[in-house]
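In the two complexes that follow, chain A is the common piece, with chain B as its partner first and chain C second.
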Partner chain A sequence: MTAEAITAYSNPARAVALPFSGWALLKWITAACIAIVAVFPIWWMVNVVFAEPGTPVSLNPRLYPTSFSAGISKILMIMQETDYMKAYYVSVAYSLLTIAGVLIIGSMAAFEFALFEFPGKRILFATVMLSLMVPTAVTIIPTYLLTASLGWLNTMQGLVVPGLASAFGLFMLIQFMKTIPRDMIEAARLDGASHFQLYRYIALPLSKNALVTLAILTFMKTWGNFMWPLIVAPSPELYTVGQVVGLFNSPYSHQTVDIVMTANLLAALPPLLFFLIFQRKIVEGIAMSGSKG
Partner chain B sequence: MMVFPFMLLFAVFFLYPIASGLFYSFHDWNATTSTRFVGLGNYQRILASRDFEKAMWNLGKYIAITVPLGISVAFGLALLVNSFKGFWSNIFRSAFFLPVVLPAFLAATVWRWIYTPNFGLLNMILGWFGMGSINFLNDTGTMLYAAIAVDVWVSAGFNMVIILAGLKNIPKDYYEAARLDGASRLQQVRYITIPMLYPVLFFVTTYGFISALQVFDVPWLLTGSSFASYGGRQGALLFPVMDMMGRGFGSLRFGQAAAYGFILTAIIMLFTAAMFALRRKGYDR
Partner chain C sequence: MAQLEITNVSKSYGAVNVLKNINLEISSGEFVVFVGPSGCGKSTLLRMISGLEDIGTGQIRLNGQVVNAVDPARRGVAMVFQSYALYPHMTAFENMAFSLMIAKEKKARIKEKVERAANILRLEHLLQRRPGELSGGQKQRVAIGRAIVREPKVFLFDEPLSNLDTELRVQMRAELIQLHDKLKTTMIYVTHDQVEAMTLADKMVVMHGGVIQQCGRPLDLYDDPANKFVAGFIGSPRMNFMDADVARVESDHITLAVTGALKQFDLPFRGFDSSLRKVQVGIRTEYVGLSEDADSAVSLPATVAFVEELGDVTYMHTDLPNGERLVVRSNGGRYRGGKECVAQLDTTGILLFDEAGERIRSAS
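== the complex of A and B ==
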């Protein structure tokens, strides 16, 4: 390459003639690099699982899965020889019951708050909204002590019930139900619909979108909740996936890297699948919580 | 009344715990012996303890780095995603958002392997550049930064999505007008994007502070903590909520733990109040 060619090549003025401007090229490279940093740890987890056991985790950076059958056998092994499936069952039950509870209790309260007047409404609403600002740190210890004195330690109700009165969920549903036209409620009432029928046949179907978004966000939160199960359900009978993953990863764990990563991957699977299916709803839900706050 | 179930649960599992927590915080209460009123004793003991000092010092450093860094990264990512169109904009947004979907406990455990000395992914990459192996999670000089990196990795996508929603609300004409006036890209960001995003950035920052003050999962798991031993080597990753939980469930001093919760809440309230005061000042200008 001649000197002129080099200067021409590195000259920014020349770059403009390319399909990409220098700025755009830089943008693409940056975006791609960050995307790799964001995604690679997760991809790497997959690759460690789908590789022959005993392959050093490290020495090749495991850019791609190498053995499908080895991955499957690790998954089967963890399902059959450890209590992982039980923890999975506990986590699924914990999540589903929480979602059901949050949606039913929240939507009923939101229905009243959004569409009707009742004595004490303002003060109740203000109290609930204030609670959004109170950090978990102040309530977690006394809530634990209360749950313990109810005799709910190591029970499913102990896991689920204290988390059902979700102020965030209520707020979101109220915002949504406020948009239901009053005329519709009035018309239905004139047709002889009872209070509960208004809720069941008008408010609920019209809030379907908000309910789905809230259900997904609640799932993400419950599945990822580490602290509450750790203290309220410390017995192996009610280990959640989070606790089991913590144990597999603890310094005293006797599991190999392969098995630990398989445990991690299985725990990541439900939220990842949810993300692939409901991406738009998740993003909208989070964006909404931000813009309204 | 259909508000009743919600209000009942709210009163029992939110309002009552706060009240009882206040009661416990003035008592020596350890689940076995009878309660004894100690006045402000619990508060004094916490404020005088070395663990509290250590945890607060760590927290201060952690917040000073993680909040501005996290928000700047999120802001940068949002601008980056926004500068693409259609398909690629969606692809990059999804990619940057992916870590948010992972539960925090998983992010911590996966990163623990990445940080592993000698054969961990990160040390291997450093090895390519001729650097020796660093024990990120056991070297008191790097532990805090290792935790911050995980935290930014997890939370940047979350804030990015909120900022993106804000960016969409800025009228395109503003940029058009600025371009006609000859404003550079950087000037457009400085004089249009940031002022227009002020409420969103305010929310993200305040929320970031409040959650950073209560950081628990990531440092707890990165250090392989248990209630018997937590905080990592020399308490380099000891944070207030960990200290609080340790006092409660490690040494069963629930009175102190409850008091700890109130101290943290007071700090959070002060912070939030200061943020709102600053915001009002910003509006007056």
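== the complex of A and C ==
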């Protein structure tokens, strides 16, 4: 260390400007510890998958992947010898259709609720809000019976349609659209925009952030939804990823632990990627739905 | 011929009468300003003309056609809002082009019209910016541009300058006058600022409590107000008002005793209703001075409360013995302290009002 650096460090005014004061260091260490705890299971999963069977749990455990090719061959095996790909397809379709439906229905309904007066608005809104307070456990059986009497058991629409009316999404979008100034809507009306054009050109683009957030939250929810697919679509044709992973994990399954881990890893991958891509939006979205909902 | 006729229009929200029997005619090309204190119904009237608000009772006619049931977009009016109401997700160009896009105009036509408007408003270099990247004055110009491209028969402005700072407001005011000269379109402008109203208006409509108090050329309203409200509302500082007793009524003059004045004085007046014993005297500050040379002057002892020195003029706010406020104007002279003074009223500037505040005019 040069003399110059020493004087710089001992100068209190300069010391403050340095990136690591003691307090900041402490905070970083704490954050790192929490991060390690959170990341370790995922890391362990990767570790087990990309290793020769047994290596990670041997007497001399390895904390890092040792065999890339072993991992690949396990993944290929799952893809080829089980219906995993099909489950992927079902889950993706289920998620995307639900997202599209929730966004379209929610934004249209929110547009009317937030920006216009109509007879019965308060009652309707109260009904929607009431449904927010009823837990899924209560509604799932009537919903199932209804779906069944529509003849939608073991169909994609049976999977998707009941999830389209999202009271939470509606509430979030209403709160967001309420912030659109009345003047702006009136200006657009004077500019000749029809009711639908107000929605299409003003309300929808201005709610982009809320819509993205809602899409992400909906994805997280549908991808991880286990119970509804389990009861409404029990046929193997419509197994979602969640159900297939469940089969791997079941007590009588003959799969070894590393194959089960591979299945888990494949199931966790899409939400993980999703999270990495939309990280900022998700945090914003949770803050938004928290502070406004 | 009147381009816009408002006949017997009233409006109420529930039990509240917001506008009461409004009658108004506006000719083509006029710059009309609605002015009045907050809550007097200016915006409501403007919004009824635009179609954003239902017309309660009465009729509004545009170019001879009743528009009560005509859709806002088809009335041929364009509105500029106080909040600008620009679409934040569109560029200035897209904001201005929006109505044309909705009307399915050809791309080339849209570009041409928007560029023409941008040229008038000196916005060419800002067309690709979004509202968030524009200053207040620039936003206001884009909002005006959005109105111009629609080529409306009537422009409606609802306090468009009140979000701007004073300097910019003065500048935008000048630009609006130029714009009106250039476009020669009817403009209706709402403000609660009487200075803005005086500088812009061909015709000024003073409103109060949902009623049109008076309308006419700004200086006519200034010189010859119809009632105490208009007299007090127009002009800054406000006109002074004092109570006076009618001492004598003759055929060509009356004698008044202003409370607190040193002597009674005569005022030329014909046809005074001799049953009136009390009147209110209104006098603008330019007729109230400190010099004693005017022989028509009435002296009024007063106590100085505070002084506004603006350089060219000095306004002395004084209290009369009965507690009323009298503003004295002194040109040139500087205030040198002192509490007591004697205000001189030049009686040629006196206007009379009855106790209900209606103007009493001399029969000519």
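The criterion applied here is as follows: the second predicted complex is superposed on the first by the 247 of 293 C-alpha atoms of A that agree within 3 Å, B and C clash if a C-alpha of one lies under 4 Å from a C-alpha of the other, contacts with A are read in each partner's own complex, and residues count from 1 in each chain.
We adopt the following convention: a contact is a pair of C-beta atoms (placed from the backbone, for glycine too) under 8 Å apart; a residue touches a chain by one contact, two chains touch by 3 or more.
Because the structure is predicted, anything quoted here is derived from the model rather than measured.
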*Return fit or clash for chain B versus chain C, each positioned on chain A through the superposition.*
fit
*Looking at the overlay, does A:188 come into contact with chain B only (first), chain C only (second), both, or neither?*
second
_First, second, both or neither for A:162, with chain B first and chain C second_ = first
*First (chain B), second (chain C), both or neither: which does A:197 touch?*
second
*Of the partners chain B and chain C, which touch A:206 in the superposed model: first, second, both, neither?*
second
_Residues of chain A touched, compared between chain B and chain C (which is higher)_ = B
*Smallest separation in Å between any Cα of chain B and any Cα of chain C in the superposed model?*
19
*List the residues of chain A that touch chain B in one complex and chain C in the other.*
none
*Give every residue of chain C touching chain A within the complex, in rising order.*
50-52, 72-73, 77-79, 81-83, 85-89, 98-99, 102-103, 146, 150
*Tell me, which parts of chain A touch chain B in their complex?*
27, 30-31, 34-35, 37-39, 41-42, 44-45, 56-59, 61, 105-106, 108-109, 111-113, 118, 124, 127-128, 131, 133-146, 161-165, 167, 170, 195-196, 199, 220, 223-224, 226-227, 231, 242, 245-246, 248-251, 257, 260-261, 264, 267-268, 271-272, 274-275, 279, 282-283, 286-291, 293
*In the complex, go through chain A and note every residue touching chain C.*
181, 183-184, 186-194, 197, 201-202, 205-206, 208
*asked:* For the complex, give me every residue of chain B touching chain A.
replied: 1-3, 5-7, 9-10, 12-18, 20-21, 24, 77, 80-81, 83-84, 91-99, 101-107, 109-114, 116, 118-121, 124-125, 153, 157-158, 161-162, 164-166, 169, 200, 203-204, 207, 210, 213-214, 216-217, 220-221, 224, 226, 240-241, 244-245, 248-249, 254, 257-258, 260-262, 264-265, 268-269, 272
